[in-house]
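What follows is chain A paired twice: with chain B in the first complex and chain C in the second.
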Partner chain A sequence: MTATSERATATRSRSAEPRPLGNRIYGFLRSIPTWFLWILVILWTVPTFSLFVNSLRTRDAQRGSGFWNAFSDETFPTLDNYQDVLFPEVGAGLGNALLNSASIAIVATIIPIAIAAFAAYAFAWIDFRGREWLFIGTVALLAVPTQVSLIPLLSAYSTGVRWTIPIVERTITLFPDLDLSGQIPSVWLTHTGFAMPFAIFLLHNYIAGLPKDLFESAAIDGADHFKVFWRLVLPLSVPVLAAFAIFQFLWTWNDYLIALTMIGGNREALPATIVVASLAGEFGAQEHLLTSGAFVITLFPLIVFFALQRFFVRGITAGSVKG
Partner chain B sequence: MNRLVITILGIVAAVGGSAVVFVGINKLYDLTEDRYALFNAVAGGLVSAGVFGLVWGNRLVVSPVVVWLIAIAVGAATGYALGLFEDPMRRLASGIAGGAALGLVLGMRATASILPSIDPLAAIIWLAVGTGLGFAVSAVSGGQIDRLRSLLAGGAVGWLFGAWLAADFDGSRAEVIVVALVLGTLAGAFVGRRPFPNRIARGNMAVASRKYIFAGPALVFVASALLFPLVRTIWLSLLTGNPRDLQWTGLTNYGEILTDPGIIDFSGFGEIFSSNMFWLAVVLLGAGFVTGRIAGRRLGGNFAAGGPSLTMLAFGVILFGFALFTSIRGTIPNNLWWIFSVIVFAVSLGLAVAVLADRSKGENIAKSLIFLPMAISFVGAAVIWRLIYVARPPTDPQSGVFNTLWVQLGFWSDSTTASTVIAAILGVVVAGVVYLAWRGWQAEANAIVAGSLAIAAGLGYFIYRVVGPGIGGVAISELTGELVADPVLFIQETPWNNFWMMVVFIWIQTGFAMVIFSAAIKAVPEDLLEASRIDGATETQTFWRVTIPQIYPTIGVVVTTLVVTVLKVFDIPKVMTNGNFDTQVLANEMWERAFTQLNFGLGSAVAVLLFIAVLPVMYINIRRMQSERLG
Partner chain C sequence: MASITFDNIGKVYPGGTRAIYDTNIHVDDGEFVVLVGPSGCGKSTLLRMVAGLEDVTEGQLSIGDRVVNDVSPKDRDIAMVFQNYALYPHMTVFDNMAFGLKLRKMNRDEIQRRVEDAARTLEITELLDRKPKALSGGQRQRVAMGRAIVREPSAFLMDEPLSNLDAKLRVQMRSELGLLHARLATTTLYVTHDQVEAMTMGDRVAVLRAIGGKEVTNLQQIASPRTLYDDPTNLFVAGFIGSPSMNFIYGTVESEGDRVFAKFASQRVEVDRSRLAERQTLSNFTGKEIVIGLRPEGFEVKEAASSDMIVENRTLNIDVGLVEQLGSEAFIHFEMASRPVITPELQELLEDEGTDIETLGDATKFTARVDPDMTPKPNSKATLVVDTTKMHFFDPETGLAIT
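And now, the complex of A and B:
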């Protein structure tokens, strides 16, 4: 009974669509867009994967054939490249530079978060004159390219800030010559300044969206702004603080331009990105170390990325999509 | 190990120090209501510390540490007294006493190089101007500001200028003591004249302080890292000379930049007419326009943007852009080319991935992997892609992905067997695609027809090249007449090396575009899509007519963000070519001029050009924020 009805359905559908083979081909070809997605995914993954594989191959193997030949190498996998780039027999390795990177990234993440969170709270919940315009003005600076500030900041760090008073032509020092250029604190300060517009923008969007009743009942209980901020806003804002922290951490860890400008020639204080980039400048001899060096500086962001992707994505999308 | 300890200590000091300052100031202002004297003592000490810090930093006193500590003590004592006494006369007296004491210390310990010879006339004139200004301020404020305090403040500043800053520094110790004493007295009277705040006023003080404490640090950082440097850079761009001795030069720097053939060079423009790309672009644009016109007529309008016409127009625009930017060379055209390609490819690929991955199997994995390059540094990405692009000498085996494939393709297309096999396999694919086009034609799905025919045409041309004239990275050696590898020097061969570097950037930024588009697509209301499906729209129509208009604002956000990011691109050219082989971009040009050649004027001028380029984006952003906050 069941078999008959099945056969009947099959016959009916065949008579309705006379070219089953054609339909199958058509359906198959219509799914090309889906393949396109996965082809893109593979194309997007191969470069990073090839770096990883090559970092485990000897210099000769890297120069002699493509990464897909790794399994036919007798020496694969080897950790020699990592050994050589982290703890070389001559000179300082990446180890020192990684410490510098960590120092830059940790401080240049925590301080901007704190400062921007206070400011975002002020812009959202403290009423004062000119608040709107200060906020819009600050966030508008988001688009200003870093290059615009580099020369004045570097000269401020290296020789201080002086102001010549007009008419009397006397020069006074407003910011002393602390000889910060070449030192890590100059990078902290620069990152903190440059992070402000985005941080305030991101945190403000979230903090301004907290329910108003919360603040009203806190005010009735006699809590001042500092208490409200500390007891209510900070704990409630953990998701957005985490989102910004990840964003800023990756940004400062991966930064090259600011560290290169502010630290420049002081080899002791250089972060890992600059050391790896300078390996890239030395063609030939060090080329095989480039792979392990680049993978070491990439590994940490990748771990952060996979562990905390959700927050990272939230940080990037917040504010650019309404609703 | 030692380095590790120093690093950790540095981190703890920076973070802890900032926290102590912030919490400390908040706690300090908590004191105003109940323990005003204590608050005032601390505040007085801090103000003295700040003022005498400036004195110290300007090397105005000998033994600065001792003077600084005395100043803090005197300031704190004065503050305490002012926090205690409510009687106006006692307040005035203690203010004057404190100010005079500080003035005396300053005068006694002033360095020999700043002893002024007082010019009585100048001092009196400046004093008069200062008090006059003070009077004007209090008059304008309409009694809001205390008349006497206003006069005292103006007088103090006027005296400072007239008796000290404007004078010649060849006077005596007695004169400097007089100057500092008078200055201290005036300032002290100004402070002491302030009436004792009652309980309500003290409470308001605590409340009013919060906005400064909360927003202040951020605004200080914004001003000192972005605003003042911006103004200073604009000023520097009008100067020339070595960094220690800059001279006014007007707009010369800009003139020099805009006439530099390395920065903008139109001389190759004529070549555009001999490039196949340009003519193909013209044909596509023309055909796209005609198709749209015909479709429009059929619908009774002027122009209908359908699948076929849009596809042709889009490819036409892309080819036209590439033809243009490979003929006009220089730093500025390079930057424009970067903006053009990154936006076109990152936006279209990002949108494609977002749409294709939406609600498909393995959505999260696909999106994660596409997004992954966003976490990698530009330096790391440049290294990764250098390995992909690497070209080994023709006699060695290739190890870069692209050149291996390209050289192999060359050998295959030279061998009869291999090229026949390739042609046969691709022939089947072409047949399938043509069949798809035919089915699409029957179903009146124009987009499928256009897309399939475009793919079929491309593949057909490829088959022709493989079988016929040959394609791939091989050349005939002039020495032996044999076929040898001829790899592409992706990083050295201009102008296309620019595009290969853009690919790295597109690889990174597609993930950014995708994530934002994905969120926007998921935010399109389901009932809108449902309504359009009920009205009989196909999935393609729903996408172009409903989804895309819904996410227009998001496309705007992505494009503006990308413009800003691309304009700043520095690391990739720096690491891959360092601006050699005609790959200079503005950010790298700025860095070279300013920090390698130490020409601050030219470097600043290039930076200002970058700033001018982002002005439209800033304007759009401000308008968007205004409309969001008002509506």
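And now, the complex of A and C:
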């Protein structure tokens, strides 16, 4: 190799220094043409759109042809399916179930946020013994699958948990017998517990990233931990709180398994997801109602998402590549 | 109002690293003291100890008559201005300034009055409703100052408050801070790495040096700017203070009758009698190798020498290298045939400014500040007159000035 080409190689390799992964991903995403994104948008929207169209068609029309034939139906559009789902002639409609869903989702969103914000602040900015291990332990709980603890939890809710200390032979109550099974609070507690590791992890990462100067300045200004948390950390963490609120609301609103296990036979307290699933009736006689039922359920998360999406996007991209 | 006293202060970090040892500084009530030094010299750590943001691990720290080693930051009655301003981003300028007062449960009218007064002083009244995001760097700096002023604390602590401003604004804020201090006369401890800032602002300046874990004091010298410049106690202070910095060269002193000559790079100049009177112990070093220090302004081109300068026996013949003409003054760079002076102190300073010792070569580089009208041409020969009344002598073994 000649001296010149060697120098050229050296220059090139210097200019081709590896960029951070985030930048490369960002650069790649930026290079995707808009028309391609539009194709993705359409592909992703088709199922929801077809569900919506079908929800406006009669049972026969739904069973007879695909949703793209809707305009050739004489009966299209009809609100009968919505009528049957929300205000049926026999039995209760979805109304009560939607209220149950809301009371589950809203409370099961607020409680974890309230607890996790305090915990995340403490893990990030209060120096106490064993802080790191406790944090690692908390986050490690992310690995516990919901399913394995459902039955123990259910039994704890219905009969409480007692433990007899060996040798001393004394029994202590670890969890009181609150007779919660079949009640909505049992779902709140379960959601709260399972949300906590992720909530603390997410909020901690954000709160720990706030500039240290601010906390020092506040300390000199005379703020104690509670004031720092209340006047500084909470207002500055709105984006991440909103992001987590959306996650948690969607998850609890759409949850089926936990609600079914904890509430089970108490039909009065069942959330919309379970009620809609049972709409189809025996042998699927009423399966055409699933379309409108599903669409009613989807509506609420959409409202929440659009109300908070401004914060959501900011929270997700917080601290990542600057656009 | 209060004094600040560092009494044998030391700092060992939890990992066992020692940053500060046996440092004694007393800041008088109302005095403006600047802590200056290269990075890692412990200046910020000392300041943060006063603020209560770092534990004092050794010694006694007092504000006024009160020992504050274990007093929490909020009870120390001090206000701090941070390098990055640390403004609360979600609050307006008014709320930023009022935050500390509200937390102290001051009544509303008093808060209003103080914030407005401070805003008027700093000329930021029209910004009171804005958020920090909507302010320029200079405006943020003023708000940060305002937040300190409204507290009316017994001392201000400032951690490189001007380092994030551009050069022009920095000069402007420097003089404004000076005026502000003259008006408020609040005890101020100011940290900077910029020696010009230190020299122009401080009533007294403390030069600090990194101790690299050793048990020696960080404090090299604390004195008025003038004393630091004219009478540096060691090579570190001599090399740190002054821009361009002092020229150092190995040489010897020898006496002939009652006259004393400094000999370096095969040339010699006579040391002025007045200087000999000020440097009594110099005679102990006769014949030994010492380090001679000359400030750039201690030279003049022979043709431009004023009539009251003694020329006889005080000239150096040089080969002019680079010439920098600035209009108001001119710098000429040249080399003296003598190995460069590299003592631990100077090596540290060179490393701090990013100079590689390997690149120094085997000649000593000199800079002289001369009359801009009589500047010699680059690559010509010239004769310089040395003002030997301002000559400095150092013991290369200890690095201390010979006095």
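Couple of notes before you dig in:
The working rule: the second predicted complex is superposed on the first by the 249 of 323 C-alpha atoms of A that agree within 3 Å, B and C clash if a C-alpha of one lies under 4 Å from a C-alpha of the other, contacts with A are read in each partner's own complex, and residues count from 1 in each chain.
Convention: contacts are C-beta pairs under 8 Å (C-beta built on N, C-alpha and C of every residue); 3 or more make two chains touch, one makes a residue touch a chain.
Because the structure is predicted, anything quoted here is derived from the model rather than measured.
By the touch criterion defined above, A:221 reaches chain C but does not reach chain B. Applying the stated contact rule after C-alpha superposition, one finds that A:271 touches neither chain B nor chain C. Put simply, more of the residues of chain A are touched by B, taking chain B and chain C as the two choices. In the superposition on chain A, A:111 contacts chain B only, with no contact to chain C.
When the shared chain is aligned, no partner comes close enough to touch A:93: not chain B, not chain C. Contacts from chain A toward chain C in the complex involve residues 211, 213-214, 216-223, 227, 231-232, 235-236.
The touching residues of chain A, when paired with chain B in their complex, are 22, 25-26, 29-30, 33-34, 36-38, 40-41, 44-48, 50-51, 54, 62-67, 96, 99-100, 102-103, 106-107, 110-111, 114-116, 118-119, 121-123, 126, 128, 132, 134, 136, 138-155, 165, 167-168, 170, 172-176, 184-185, 188-190, 192-194, 196-197, 200, 224-226, 229, 250, 253-257, 261, 264, 273-274, 276-277, 280-281, 290-291, 293-294, 297-298, 301-302, 304-306, 309, 312-313, 316-317, 320-323. The touching residues of chain C, when paired with chain A in their complex, are 51-53, 72-74, 76, 78-80, 82-86, 88-90, 99-100, 103-104, 147, 151. Across the complex, chain B meets chain A through its residues 3-4, 7, 10-11, 14-15, 18-19, 22, 26, 30, 54, 57-58, 161, 165-166, 206-207, 210-211, 213-215, 217-219, 221-222, 224-230, 232-233, 236, 243, 349, 352-353, 356-357, 360, 365-366, 368-388, 392, 396-401, 404, 432-433, 435-436, 439, 507, 510, 512, 515-516, 519-520, 523, 553-554, 557-558, 560-561, 564, 567-568, 570-571, 574-575, 578, 586-587, 590-591, 594-595, 600, 603-604, 606-608, 610-611, 614, 617-618, 621-622, 625-626, 628-629.
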